[in-house]
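I've put the structures underneath this note.
Two complexes, one shared chain (subunit A), two partners (subunit B, subunit C).
Take a look at the complex of A and B:
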């Protein structure tokens, strides 16, 4: 560990870019992302489909396809995990950093009993007997509100909400320091979603872990996150505390996105939306990725990509309207 | 105002597939009780929102209204005619007037068919107009859904388009025969938030221009506010409550509606609310609970709820609730 001990951030991304190789050429799914989080923090990453949010999560966990190029540095507890040898990374993945995927049906093996999922995960990382592993599995399952008898069931015998709870139990059974939840409630109904979010929040406190919540749902992050990063077209366009993002958004995209979600205010019947469509990452616009849909577009936006501008400490806006250290936008009156 | 769709005691039970031997040995057949005797009316030029969780029977209800499925019991009448009694030829004619917008535009469009051909297809089937008139009609429709230049979009394939554009094509195809009644089954659910509101706005605008009546099926209560005149909440194949968005949202009466509304996440950290989360899981629609279908999860359940199915109580002209907690005014 670096000098400074506990003051080291749990996770720090420095200029992380991810490129995929496809048949039609390279796709820049994430570009120059800088973000960090503290221990026990919940970081929400929001954006629409194809904005690079899942790519970022997968890059941290090192589970991108082989032909992918990841540039930059990812520090986990002060250690650059991108440069770690594969074998050493495998010791971290699943144990210190774990993941909750979106679709619990495809993430659980249909021909494996639940207990074997747990035993496999535990024995890969821990030198314990099968009985001890089973005891750990029972505790993890009870923690998410499922009767330990269900360990002998197969995934298809459970409802969608229960399967997602099993996924959570599996991700947390080794007491990770960081859990990455990629759209953990997207395929679930609202009532089940509320149940799952409650469980996640409760367990996060109990287990003292950090959590990255990747989602397109601004309602979900409003409930759970401490800090929020907004992504658009592979760029992290804004990062700040939850209150700042919702109450005083700076980036035109964040503003437009917040206005375009259907709210439940009965007096507000006006539909607002962003013209156009999110960019196709195969052919992104020059300069700022949002420039072709932005209501405040300027000439410079179309020619060069805005830098990460810190208008305050820990408050980033990637937009030409802002200047370092000033929360006032250039064309605000 | 005329009633365009009237459903009475509408019921659909799907037989459960069982092995042959079991079928031969046992007399008793099992059924999935998807829709259980629901009543509703849709007035001309109005939009009824059907809200519920997955498995509540809302999609089945939508398909019954178009006779894409036959009902087990009950009727749906379109301008007073029971659509389940129509002969083949008159049903074919009716299909022009009732249409559906599907949820997943990629699944609803043939990948080998050009956009223009897909939109023209209903005209070909119903033999409306000459080829030239059809072509022009397609261009007009593409322009209406804001896919411009229309000639350009005509010869493109669905895979070349974004999700929002594809859904515009599905809408164009549904509306090209100038229907009166359209079922929109989770029409905007698959789209990104920034695009979802665009499509919602388009549907509202087309409704005005073309005098449409919608049955708007959704799991997302918040979107109904913009487009629906009336909302019906479904749970396990029953309509538990009906009313306007305002009524349902500010003063939910049925315990299930209360839970559903409290569970909707608010995109505002200052507006977080107390959640009422019902215990347990949605029961299996094969073996429905006796009495009120919600009673095993209901915190306000009484003795009577376990025995008797609640009657529908008329609270006001616009408002119905089906729960033992309430009595007829």
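Take a look at the complex of A and C:
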């Protein structure tokens, strides 16, 4: 049974695999990822560095390097966007799906004034005059709390937090249906982080957008997300609602991940950590990717990859410990 | 009016900033030499005392009051020939460098941006050209094309095109992975837009210094070609030709026929070198720091 009903999902990934070609061989950055999201939903994707979460975001937007192979199907509003011709796909980028990048310090062109960034974005997709484009830019910039005068500034004249807000304004200026935020707050300090998240949340409601929040910061997803996907070594190992993930994690990796968060309420708790290292995606281990570090490893884990098991509707665990529809019986773990 | 706002105060401030360090002074001296030669080239008919291709005095005359730099074996005024010679030298240098940049920069942009096999093949061709000794290649091409301003400029341009190609290609291939280029792709920008608006303005500054260094080199190559008789046909005033003409009479101690054209080549090349070196250190403070 697949999650979802009859109506069209905003985004649906079916068996998506992404392979990078490098000098040493193929890197399997993501494998058989199945995930979907509704309109206006916020989907959080968490995982440690190099687990394939950014790759997934870039694959949806189709901006992976040339020597990359994307298998499977990505449906956006019911349309398979992987099979779209380059030109048509380009028209979706920036208009219907847009992206906010990780590092605001380098994601603006240093030799272009802010207003040209906006004009460029708007005129690529909309047949409007420069004045109208500027008006839209002013509105978008005010939305994120920056004075419209700053349109004449160069990126270096802005602070990091302001640049990230400009990036948000740029991503939202054409009212996209889906925003992919790839670690939008990673390089900012905590106070600015909160500010950026609030802006994102507010604008998402105002413009009825779906949002994918890619992050390694569990605090950030807890704040914003509706549903959460946990990735490990290129696999989507668990997917469920925020409540389920935080209150009742199923996959051993998710459990270990949550236990490794420091907690100020409990004084005498030893901080747990996950032994070992994440797998090298150049040569992935046979079977479950987590099997080398898993405390509950079984024989089958070493030999074959667990399938996507839906222990209840909209609740996926990629682990041999569970059986289809077994949410209740597996609770003793 | 406040003192800070007066134009003369601001000019003084700007000048003192230029002269504060050695590189500023170097660039300024280089620039002064270049401006002198450019004035020579542009206003040659008004500055030169005689027509450079007409016998204007006794042949083999050493420097005198009438002929400051002496005369040649045909009685041409050496000073006039040097002033007019600046025209040919600068014209060919600028033309050659412009053509080289016009070939090298677009190819470098494409090669770096597209990458893959296209980049491999183009890089290989450029490296092959680059591996030839410059003057030898220029001689070969000039010999095929024949003499003439355009032909000489073209044969020099072929030598320098790979330099621009390499500088641009390497910069592009590193900058194309920068986040702002990816962000441009994420907004659905065309490849052409990305190349011209996002990548080119960010890589162009590194070409400026190469440009002025190549200008100096081009003047030497041009003089070399003319010296070997593959450049501009006489009697058009040309430093390289005058040098080769003058060296025939060196044993007779007619030093002025060779010293003055030689000095012209040296000073103009020195001007370009000082300017490019100074500008490089002035524009790019890191270079200066490591040398201090």
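In this section, the second predicted complex is superposed on the first by the 318 of 333 C-alpha atoms of A that agree within 3 Å, B and C clash if a C-alpha of one lies under 4 Å from a C-alpha of the other, contacts with A are read in each partner's own complex, and residues count from 1 in each chain.
The rule is short, and it goes like this: contacts are C-beta pairs under 8 Å (C-beta built on N, C-alpha and C of every residue); 3 or more make two chains touch, one makes a residue touch a chain.
Note that the structure is predicted; figures quoted are calculated from it, not measured.
Using the contact criterion defined above for the overlaid structures, shared-chain residue A:99 touches subunit C, although it does not reach subunit B.
Residue contacts after overlaying the shared chain place A:136 against neither subunit B nor subunit C. In the superposition on chain A, A:311 makes contact with neither subunit B nor subunit C. Once the two structures are superposed, subunit B and subunit C can be ranked by residues of subunit A touched, with B on top. Once the two complexes are overlaid on the shared chain, A:66 sits against subunit C while remaining clear of subunit B. After overlaying the two complexes on the shared chain, residue contacts for A:256 are found with subunit B alone; subunit C is out of touch. After overlaying the two complexes on the shared chain, residue contacts for A:198 are found with subunit B alone; subunit C is out of touch.
After overlaying the two complexes on the shared chain, residue contacts for A:91 are found with subunit C alone; subunit B is out of touch. Touching subunit C in their complex are the following residues of subunit A: 61, 63, 66-67, 90-95, 98-99, 101-103, 106-112, 116, 120-121, 124-125, 167, 170. The part of subunit B that touches subunit A in the complex is made up of residues 53-54, 162-165, 192-198, 200-201, 204, 219-223, 225-226, 245-246, 249-250, 259-260, 262-270, 272, 275, 277-278, 281-282.
Note for the complex: subunit C touches subunit A at residues 115-116, 178-180, 182-190, 193, 197-198, 201-202. By the touch criterion given at the top, residues 48-49, 159, 161-162, 189-191, 193-195, 197-198, 216-220, 222-223, 242-243, 246-247, 256-258, 260-264, 266, 269, 271-275, 277-278, 280 of subunit A touch subunit B in their complex.
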